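Two complexes follow with chain A in common, the first pairing it with chain B and the second with chain C.
Right after this comes the complex of A and B.
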């Protein structure tokens, strides 16, 4: 392990310990924050007892649907926009300002459109994630080296063979980045929707625990969400770096 | 490339193409306009087709003008604006300060980078109850939540830019025996201005997101509250109009910052 990683781990461990100490010695009021060790023990209890299984299934399945939809539609839309330069020029200003809009303001509209069920949650995750995939697809297709396309022509590849064997592998790392972002954004979208207004899921459970002054459940669930999301994001980040490094060597 | 690829999508500045002639930029403008009209038509069709109560585009624009003339709207807009302005100011000042420090001290930057990436992608919404418990209900919780969203991109972009600064400039500062403050204000900040503006643009939208989400949950004031309240009392007309106004505000300010950024880069 190199020095940077070691120091980083120490910084993180140190901050957790500092919070723990401040909670234990009464610097931080128990009504405000619980010691991290207590959050972890209670989280373990929640996981073992199965109390949050229902909420977990609900949240993760919504995230999965939003993720798949945004990747598929984002890719198709991106490829379409890339193929029609005029459409692309028209879309550019919208793509550039897409993430300046606070997308969550649409959530209540989705609720009145679809009713209070899982679809507004999936839609808000989808809408939040799709632009990242569209932009990644455009980036990837832009950066396919022209020499590879010439090579495909020299080999008299059919259009489908060219796409499958040349274009997609060349754009691969960018598409991967798009997928990684789409997953992170789907999580944020679904959890935020559940948190603001819904009848179930982890986000709802956190908001419910807050309303009921049930700090133990609330902090345990927050810890759970943070651990799961950080673990998934970091795993994808490491995988992505490996892909990019391999690309750099090849 | 940025250390943090996450930011690349929010930093999208459009496709590359050759310098447009006047005629081409006119066509591009018309095409974009056409796209807006197409979106409005789809909206109108959804309005006609669906049996649920949503408001059509024309009626919404009428409501927008009604809102702009009402005191109630301005009271809420002012509440949001104050929280947003404070958060943005704090994100900018804090973000640039932290970013300069982490960029100038290479080792701390390397330690912090992955932590910043992780903080950038976690769903911070779930942490809002903690912010409420720490700061209490009211404007300070909203501001704190806005800063939590907005400060990270400013830090990341500033840090990356300082790391990639031409080393000659930093050597010059040392040769001239500038103090750290002087180095920051006379060398570093002018050199990384374009990236600070990029960070500000991304931070701007995230701060807005943070403040609005804060108002949508446990608040009695602000545009976020108007949206949630509009849904609770089935006032879809005012809900849609507020959403449209917020989208317009976000798009116009985002485009203005983008234009500023492009000008600084040339």
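Right after this comes the complex of A and C.
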């Protein structure tokens, strides 16, 4: 473990301990915030008792579907836009301003299109995430060094071999970043959708606990979401750094 | 060295108009005969079409007029079997180790695993890359990465090797040493070598014949035979004839370079040549 990581962990641990102390000594009201140790204990109870299993399954499966759809369709769409310059000129302004559109306003439209089931939420996550993947794909394909495309021709590669053996690996770091962002956006889209618009899932469970003044459940679930998202992002970050180090960019 | 290995007949290249400019006549007409086993270097002012010429000979670009023959067969827009190309830019594949970079072409061709191992080990040893076989290109210097690219070309045992300013990004000392290695591999493989370079001394040191190109549209204006023995190396720079030969090439090239520089300032469109 290097010094920066150690300092970072110390800062986080110190902050948690400070919050714990302030809650224990009454500086922070229990109605406002629970001590982190109590959140963790109650989260353990929720996990062991299986009370949130259904919500977990619903949320994580929705996120997974939204993520896979956004990565696959985002990549295909990005590759298409990259291949057709006229289409790109037409799409550029939309992509540039995409995240200024409040995606959640489309929920009623998704309900009328897909019905009252999991799909409107998945679509929120998907629509929220796909632009990140499209933009990352365009960035990646733009940055494939032309000399590598010439190399593929020198090796008399077919178009499919060129894409699989040269273009995709060369664009890999950008596609990876796109995937990382798509996962984060899928989480945000699905969880926020559940929070506001759904009758199930972790987002809904947090909202329900909040409405019922059930601070223990609310904070335990918030801690759970935080731990899961941080763990996934950290794992992806470490993986990404390892890949970039190989290419001398880490 | 009298058998014709590759031949360019009346080859020229015109790039179509772009951005309101007129057509750009980049190259030619050019006639060139490459004898089997010959080492020829081409020098010329910036933007005279050297790289275009190499790409046409490789089959990476299609000429606007004229024809190219390699081993008696026409070349047009596809790289024929038996031609290897080393580019000026770093063309190592950064996601593969040195070993995987070198075996890249052989695996593509579906060569037997034992044969891949044998040939890659041979080339790695020949190029002095033994200690770096498991390293990634990012862990190597520019010179070492170019050595990997040369090794990747060599392992396919090409009969005609085209090099586009392969040492352009290297310092002078490394270039001289890489030149020695290039001569060593030329002697070992017996391949025909076509080298594009902007460095007159490098061309004179390495080649049997130095072809001098004019400013755009690039045509050959002189051919200088060096008459070094096949066992030559970078020490020929100390030979008294070396100065005379480089002087002759520069005399031809000077006016063309001035034309090129002058025109570059005033009229050359940004899209002209890559």
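Heads up, the rule we're going with is that the second predicted complex is superposed on the first by the 244 of 250 C-alpha atoms of A that agree within 3 Å, B and C clash if a C-alpha of one lies under 4 Å from a C-alpha of the other, contacts with A are read in each partner's own complex, and residues count from 1 in each chain.
The definition used in the following text is that contacts are C-beta pairs under 8 Å (C-beta built on N, C-alpha and C of every residue); 3 or more make two chains touch, one makes a residue touch a chain.
Remember, it's a predicted structure, so these values are computed and weren't measured experimentally.
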First (chain B), second (chain C), both or neither touched by A:124: neither
Chain B versus chain C as contact partner of A:71, first or second or both or neither: neither
First, second, both or neither for A:102, with chain B first and chain C second: first
Touching partner for A:56 - first (chain B), second (chain C), both, neither: neither
Touched partner set for A:161, first chain B, second chain C, both or neither: second
Which of chain B and chain C A:197 touches, first, second, both or neither: first
Which of chain B and chain C A:46 touches, first, second, both or neither: neither
Common ground on chain A, meaning residues reached by chain C in one complex and by chain B in the other: none
Chain A residues touching chain C - in the complex, by the definition given at the top: 145, 147-148, 150-151, 153-157, 161, 165-166, 169-170, 172, 243, 245-249
For the chain A and chain B complex, residues of the former touching the latter: 4, 7-8, 11-12, 31-33, 86-106, 108-109, 111-113, 115, 131-132, 135-136, 138-139, 142, 177-178, 181, 184, 187-188, 191-192, 195-197, 202-203, 206-207, 209-210, 215, 218-219, 221-222, 225-226, 229-230, 233-234, 237, 240
In the complex, chain C residues that touch chain A: 58, 60, 78-79, 81, 83-85, 87, 89-91, 93-95, 104-105, 108, 136-139
List of chain B residues in touch with chain A within their complex: 5-6, 8-10, 12-17, 27-28, 31-32, 34-35, 46, 50, 52-54, 107, 110-112, 114-115, 117-118, 121-123, 125-130, 132-134, 201-202, 204-205, 208-209, 212-213, 216-217, 224, 227-228, 230-231, 236, 239-240, 242-243, 246-247, 250-251, 253-255, 258
